[in-house]
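Before anything else, here is the set of structures, which you'll find just below.
There are two complexes below, and they share chain A, which is joined by chain B in the first and by chain C in the second.
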Partner chain A sequence: MDRPLEILAVCGVGMGSSLMLKMTAEDALRALGVEARVENTDISSARGMTPDVIIGQGMHTSEIEDLAPVVITVSDFLDKDGLEVQLRERLTEKGWLR
Partner chain B sequence: MDFIKDILTFLANNVFGQVPILIGLITLAGLLLQRKRFEDVLAGALRATIGVVILFIGVEIFTGGLTSFQTVLASAMGTDPPKAEHTLTDFFQEQGGTIALVITVAFLAHVLIVRLFPAAHYLYLTGHLMFWISTVTVASLVLLAPGADQLTLVLCGAGFVAAYWTLQPIWMRPLMRRVMPDDRFGFAHTSSLAALATGVLAKPLGDRDKHDTEKLKLPRQLSFFKDVNVSTALVISVIMLLGIAFADDGVVNKLAAEMDDKLSPWVWGLMVGLRFAGGIAILLYGVRMFLGEIVPAFKGFSDRVIPGTRPALDAPTVFPVAPTAVMVGFVSSTVVFLACLGIFAAAGWFTLAPPMIMLFFVGGAAAVFGNAVAGWRGALLGGVLSGLILAIGQAVTWGLYEKTAPELATLADPDWYAIAWLLKATDPVIGGAGVWAVPVVALGATVATLFILGRKEKARSEEEPAAAEQEPAAERA
Partner chain C sequence: MTVIAVRDTVPAADWREAVLNTAAVLVEAGAAGAAYPEACVRVVEENGPYIVLSKGLALVHARPEEGGLAVGVAAVRLSTPVEFGHPDNDPVDLLLAFCTPDPDAHVGTLSTLARALMGGLADRLRAAPDTGALRAALKEALPDA
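On to the complex of A and B.
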C-alpha cells in the first residue's frame, strides 16, 4: 500500500479500553515496520468510518464484521505479541505487508 | 510588587482558570517530555484543547435534555423536579482549572507512590475516570472548605485522588485474580465497590464451574442494546413519551414551545430523548479527544520513571472473559433501575434519569466478577446490586451537589457516590481549614496499607518462594 494504513480500535464508548488497544496496536505495528495511523472510537461512530483495519473485542467486532477489509478480534488488550501475529497474518493476506 | 501580583492574577484567571488552555499546556508539556516531533506536539496539544471545548458543549446539551426529562417526569408523577441551584456547566467554568491541576498533581503523586512501594503493583490508567474522580473530589472539597483557594483545593484534592488511584486496584486484586489469573493488569474502574460487594455476597449462591453464564444463550436481539448511544436514546425517549402522556399539558406545551412553537409535544419528547443521547455522545467525543493525547503522555512519563509496572485498566478489559455475564448484568441492572424509577417517582421521592452507560459498565463489570464467584446467579446479583446502587445513589447524591454540580449524580458510578458521602461524613469533624486532614489521612492510610502489604508479601515469598510463583498458573489450570 502506498499510504499509511488507517486502523481503528473500537470499544463500547471509545475512551478507556480502545485507547489501551490503540497503544498496543501502535507498538505491534512499529515492531512489524508498518506505517499506520491508529485511532480509537466507540462502536456507533465506527460505523461512519472507512478504516482499513478494525480491532476490538469479540462482543463488538461480531457486529461490524463487514465494516473494514480486515477485522481483528482480540481478548487481551495488552497482548502486543498476539496482536502482532494476527496483524502479520492478515496484512500479508491482503498484500499490505511485504 | 503590584506588577507581580498583576501577572499572577492574569495567570490565575486566564490560564489556571481556563480548562481548555490549561489542559492544552499540560498536554504540550507531556508531549515535549516524550520528545515528539514539533508537528505532533502542536497537533496533540490543539486536539486536547479542542476536546475540552467539545466536552463543555456536550455537557450543556446533556444538562438541557436532563432538565426537560426531569421536569416532564416529575409533572407526570405529580412531584417536583430535582432542584438545581448550580449546573455542571457553571461548575466546570469555575473549577475546571482546579480539576485539570488535580489530575496532573495526583498522577505525579500516584507515580511516586507506586515507585516507592512495590506492594502498590498497579498504575491507574483509566483516563476518563481520572478526570471524573478528580471532578467529584473537587466538587466535594468545595463544599467542605467553601473559601479555600485554588492551591489548597489542588493539593488536598490531588492527595486524596492519588490515594484512591493507588488503593482501588489493590482492593480489587483478589477478585481480579479469579477473572484474570495471570495478573498482567489490574482493574481501574469506579464500579469497584459494586463489584466488590457482588464478589462477597455472591459466594453462597453457586459455583462458577456448574453455573457459568457463558453456557447460557441470550436472545440475539439484545445485542443492539450494547450500543450505548442507541440504548440511551431509546430508553430516555420511551420514558419521555410515557411521561408526556401523564404530565400536565401546560408544563409540556410550555417546554415544547421553548424549542419550537409549531412542534407537537410528542415529537418534542422524542427530540429531548435524542438530544439527551446526542449530548452524551458529544461529551464523550470531547473526553476521548483530550484523553487520546493525555493518557499516552502520562504513560510515556510513567514508563520512564517506573518501567515495567503493571497498568490498571478500564472495566471492558475484563468483558471478553464473560460477554454473556456482561449482558446479564446490563439487562438486570437496567430492569432494576427502571423499577426504582417508577417506585421512587410514585412515592414522590425523586425523579431518576436512567444512566445507560453506567448501567452497562457497572452492571457488566459487577456481573463478570459475580459470575467468576458463583456463575449466573452471581452475575444476576451483580446486575441487581448495581441497579440499586445507581438508583439510590443518584436519588440521595443529587441534593448533596445541589450547590456545586448536581448533574454529577446522574453520571456517577458507585465509587463516586462512596467518595461523595465519605467526604461529606468528614464535614462536621474537619470543615474549613481542616480540609488538609483529607489528603493527610488518605495518604497516611495508603502508605500504612502498602507498608503492611509489602511486609506480608515479602514474608510470603521468603517462606515459599516457589509456591508464590506457581499460584497463578495453578489457578489457571
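On to the complex of A and C.
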C-alpha cells in the first residue's frame, strides 16, 4: 500500500478504552515498521467510517465485521506483543506488510 | 492538572457496586458530579463489559456531559474481586476511573496512564502495601497530578 494505513480502535464510548487501545496499536505498528494513522472512536460512529483495519473487543467487532477488510479482535487492550502478532499475520495476508 | 484519588479494600457485592463505588471516589474528590457513577454503570449496561480492558482491570468512565467537572483519575482495590461477565478478563480486583470536562481534556492524562499501564502500573498498584503507597504509585504514573 502506498499510503499510510487507516486504523480504527473502537470501544463503547470512544474516549477511554479505545484511546488506550490506540496507544497500544501505535506501539505495535511502530515495532512492525508500518506507516499508519490510528484513530479511536465509539462503535456507532465507526459504522460511518471506512478504515483499512478495525481493532476492538469481540463484543464490538462482531457487530462490524463487514466494515473493514481487516477486523482484529483483542481481549487485552494493553497487550502490545499480542496485538503485534495479530497485526503481522493479518497485514501480511493482505500484502500490506513487507 | 489532574485530580487523583485512591481507595483501598473497597467492598462491592457485584460489578455494579464496584463501578458505583469507584466512580464515587471521583465525586468525593470534586472531579465529577453526583450523577456520574450511575452514568458509568449505564455505559456497561448499554455497551457490554468492554471496560474490563485487561486481566482483572476495569476502566470506569462515562461521557463528559454526564458530570465530568475536571480531569480526574481514581484507583480502587476491591476487598473481593467481582465478575463483569467479560469472556477473558474476569475477575476484576482493580478499577481505574476517569472523568473529563470535555471530549479532549483527558487525552494527555489517559495517554500517560496507558503508557504507565503498558509499563506494569496495574501490578504496582496491586502490590502497594497500603493506601499511601497506592496513592504514591498512581501519582508517580501521572506527574501532573
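The working rule: the second predicted complex is superposed on the first by the 98 of 98 C-alpha atoms of A that agree within 3 Å, B and C clash if a C-alpha of one lies under 4 Å from a C-alpha of the other, contacts with A are read in each partner's own complex, and residues count from 1 in each chain.
The rule is short, and it goes like this: a residue touches a chain if its C-beta (ideal position, glycine included) is under 8 Å from a C-beta of that chain, and two chains touch if they have at least 3 such contacts.
Only a predicted model underlies this, so the values are computations on that prediction, with no experimental measurement involved.
Q: Quick check on the superposed pair: does A:13 touch chain B, chain C, both, or neither? Answer first, second, both or neither.
A: Once the two structures are laid over each other on A, A:13 reaches both partners.
Q: In the overlaid three-chain picture, which partner chain does A:75 touch, first (chain B) or second (chain C), both, or neither?
A: So A:75 meets both chain B and chain C here.
Q: Determine, under the contact definition given at the top, whether A:24 touches first (chain B), second (chain C), both, or neither.
A: Only chain C is touched by A:24; chain B is not.
Q: Does the superposition put A:41 against chain B (first), chain C (second), both, or neither?
A: first
Q: Once the structures are superposed on A, label A:63 by its partner contacts, choosing first (chain B), second (chain C), both or neither.
A: A:63 sits against chain B, while chain C stays out of touch.
Q: What residues on chain A does chain C touch that chain B touches too?
A: Residues 11-13, 15-17, 19-20, 23, 43, 57-60, 75-78 of chain A touch both chain B and chain C.
Q: Help me check something: in the complex, which residues belonging to chain B touch chain A?
A: Residue positions touching the partner: 125-129, 184-185, 189, 223, 226-230, 281, 284-285, 287-288, 291-292, 295-296, 299, 311, 313-317, 319-321, 323, 326, 357, 360-361.
Q: Going by the contact rule at the top, pick out the chain C residues touching chain A in the complex.
A: Contact set of chain C toward chain A: 43, 46-51, 53-55, 59, 61-63, 86-89, 98, 100, 103, 106-107, 110-111, 113-115, 117-118, 122.
Q: Which residues of chain A touch chain B in the complex?
A: 11-17, 19-20, 22-23, 39-45, 57-60, 63, 74-78
Q: Of all residues in chain A, which touch chain C in the complex?
A: So the residues of chain A in touch with chain C come to 11-13, 15-17, 19-21, 23-24, 27, 43, 56-60, 75-80.
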